[in-house]
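Letters A, B, C and D mark the chains as written, and numbering starts fresh at 1 in each.
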């Protein structure tokens, strides 16, 4: 084979890898269709969309940069407060209170704080990172509690009333516009994340996670790349938090609580690490499971959730997406 | 001042007994067992049941908590945990969190959601007045008991054959295997023992804190802090880390420095700040060894 | 001759053990140098000190006239120092194409570009493909690295180090573990590397050493024991002393000048 | 096969799926729903269980008809999270078409739901949360539980009357705790007393020892305590351990600390402790005797506490309002009907202040005593018809 032909072949191989596949397209169409199919559950879907964005943000940090974070909720909470405070400060002032500006503001604040803290986090191995992220998040939570004059403390931040989205769409009681808004933000940021993980930069992140020794040996500035990934993840988490603040027009201390960080980590592992879609599928499955279980047994739903986690680890590799891949392999095997 | 030190010491000692099993198993098998707190909770509830249903004092509850938790630990290790050693840390986290959820719901189902109290045995009730300081008898008991336990543990590790094998296995499991040490067996025994200690700690602690189904989650963070600060290669590391954190936590809540006339309540920050600082300057923990070649 | 890589009194201790003992060493442009020594002589430690995987206890490393002692591995790599590892260090989930593409984009300073897809620069892909073909990896360029046969993985280990066109290439036992039939291929590939690239080969296999090296350093107990041209070293009685009893080596010492 | 379907077929399939899966919008005209959002799991789960039991008891006793309509109760777990609470409230309103939302174990959760009540014009009946400001968050909020200032002021006044000059306060560091602290401190200062220090312990803190030690070291005449329902046992355990009695320090609290549900677990060491509160299971009235007997019969191993009466009276309020509107579920009419309503609850006579929509009730000073082998808060003084002092002070300005 001539080199020229092989180059073309290689280029189309790269192009093919990045192509949108039909299950992806179907997933997004289905996500938008949900609001028509089940209009009454729009509020739940809104929560799923926000959680999915939060999970995507952690997947960037955990699945691509390989940084085990048990304190990612810090950025979610920070974003929620940033957007909440901006909406409060700019209440009524048209451009200031626009939700999209709130998202941008949250992303900037969280990206900045994420960048600063990334230097602390990148020291040490898995357990150390786990604990530093956790410690930073707990300190944030305590700060928010102490700074009651700003955050409203334990009573929560009242009077967060973002104006119409882009001056056009109001947040209705049914949560339909809220869902469409969150979903659109999720979609746009997802497309961006998808693009980033398929870029040379994204490839270098995968390389660092795969083998940091080799990555350094070919000249990849490992820490700088990881700083950037952590910053990006923090900004994404901030946007997710901002969406929550805006669509519920309320921020309370529990946005910074430990369980947010733990839940989102479970969701990412649950869905499948380092796939981006795993984060989305995981968030949807987790919420759906919770919704069904909590309705069936409001007191003991945790038991069944725990059982699901245990079984998934015991019998499946790579979370839900791993399960899907396994099933597809089996089916393909039978077909032959 | 002395009382604060005393309280912190009791608190730290308790943390140590609760966390030491987790520290050893983590160092030995590189296995993250977040469900460790569930064993502590089980120990506490065993003491509660023995007291409420059978009228037995805490002196019976302590050994019972240890033995039952150790047995349960051994069974779970052989049947469930053993299948996870080759899985990633993330999967271990997910699995053990799953166990925590299940244990919490199960305790809620059998024992109810409201906090349970373990009564202190009569002779340990009340305070010892030493003139200049008054000391709570039960906390004194906790300190003495845990100190003895630590000495026994340390002796067991340094003087017995099992101890030297365990140390070798923690040092480098691969080399130890090469030397013909049955690491799997050592791990199973250590796991059972560590679970037993957690149960014991849970029963001891139940008489100071109250006990409810949230226990494993509430204390999980404390355990992890102890291990992160103390390192996983020794038992003295977690020991001093526990004492440090216990005293710092208590003192941080007692003292509220004033800055510019405003009281700054530092209680909620102290141990996390200590942990983050320690880890920034010594990522392997205050007492852990630097990862060398 | 200017030195492209040099060390000055390099020392590295692990606890009480001195793994590298006061090594002063210099490598000219285009060198074909072999680093030999008995097991435990500190060869790999020395390579790790050169490449920045380990930091020295004292002494200096000079790369292309710059003091790089305090530089991390990645900076040295970007300054033109490349290496292979004794045990393959590859990205198991990548394809060879991605692996080399990544090494090239990093070498071109495009590694941080996040706004475009991988594989859109035709010249880079073309370069990657030709490197892969040169190392006989063209047919497997779209396979998963982790599932390649060992020989192919070994070739990729060399390809990834060669791709950025380094000034200095450290080859840590490149043929280790490769079946007899495939060793020749590796040797040929090394022989065909550009003349201006300075090569350091760390090897046990004396046949390989004498076929390849023009100059040789012998490391014993972490210290530089003997240094010189291949034939000088081969004739040096002290070297024979160190290697006494290793018949295979004796055999080569009797027939010096095996280097091509 | 998918691409072989015609477009019309596809649309038909979707529509079918949509109709099949949309929750039945069966708005049977003769059914009225009330959505109750409670902490059923987590640290405040006992609150949720008490209220749930009380609601079930209420329906078992009074039937499920009010204002000529069938009343259906839907219970949801808030998981202690504000945004979940808000979503549940929103879903109850838009999907289940509830006539009222109720429950709310924690202040931030009650506040999170407030905008929904306002926007949808649906009454929000607060059955548990006790921060004073809650009722101001929406004109549709009506409270049947209590407010912290309401329960705290009488104990502060009692302390002043009983020779307490110097006090230290120790409260949980969140809304209700700070309310209690503020009220107690202000009342003591107004009465000429001295506040040596005000300590706040983190809500989720298992270790009270340092705070208690500090309180002890300050040597006050009395230590005032507040922790929410469910945390009292742990606190009292450590209080007893510190030995305040030996230093002649009176330990006083709101009744949240000596919560009826946990009181028996606390042991004899709390005997004689003085608290003030709106409800005791020992309250001496025929209504309460019947209530306690029926509650304990329906829920063995449980004793009704102040949370349960909040739930019980919440239901009474809803039934009463429905009767008044003759089954009209218009939110504004319901709230108007609730304003000024007065009835005799197991806790004694209570009413809804028409101006603030907050509960007006007797607050009792009680002492822990042993009765029939069990520990009870025995009432020995009554402060009648206490309004929330916080809002009363505002109105007075």
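We adopt the following convention: a contact is a pair of C-beta atoms (placed from the backbone, for glycine too) under 8 Å apart; a residue touches a chain by one contact, two chains touch by 3 or more.
Just so we're clear, the structure is a prediction, and the values are computed from it rather than from any experiment.
Chains that touch both chain B and chain D are the following: A. The most central chain, judged by C-alpha centres against the centre of all protein C-alpha atoms, is A.
If you average the Cα atoms of chain A and of chain D, the two centres end up 36 Å apart.
Chain A and chain B have CA centres that are 33 Å apart.
If each chain is reduced to the centroid of its CA atoms, chain B and chain C end up 49 Å from each other. Mean C-alpha positions place chain A and chain C at a centre distance of 42 Å.
Within chain D, residues 41, 45, 49 each touch two or more of the remaining chains. Contact of a single residue of chain A with at least two other chains is seen at positions 145, 299, 301-302.
Taken in their complex, chain D has these residues touching chain B: 41-43, 45-46, 49, 200-202, 204, 206-207, 209-211, 213-214, 230-231, 233-234, 237-238, 241-243, 246, 261-262, 265-267, 301.
Chain A meets chain C in the complex at residues 1, 3-4, 6-7, 10-11, 13-15, 18, 195-196, 198-204, 206-207, 210-211, 213-222, 224-225, 228.
Interface residues of chain C, counted against chain A in their complex, comprise 51-53, 72-75, 77-78, 82-83, 85, 89-94, 97-98, 101-103, 105-107, 110-120, 122, 125-126, 128-130, 133, 138, 141-142, 160-161, 163-164. Of all residues in chain B, those touching chain A in their complex are 26, 32, 80, 83-84, 87, 89-95, 97-106, 108-109, 221, 224-225, 227-228, 232, 265, 268-269, 272-273, 275-276, 279-280, 283-285, 291.
Interface of chain A with chain D (complex): residues 33, 36-41, 43-44, 46-47, 145, 153-156, 158, 173-175, 244, 248-250, 252-255, 294, 298-299, 301-302.
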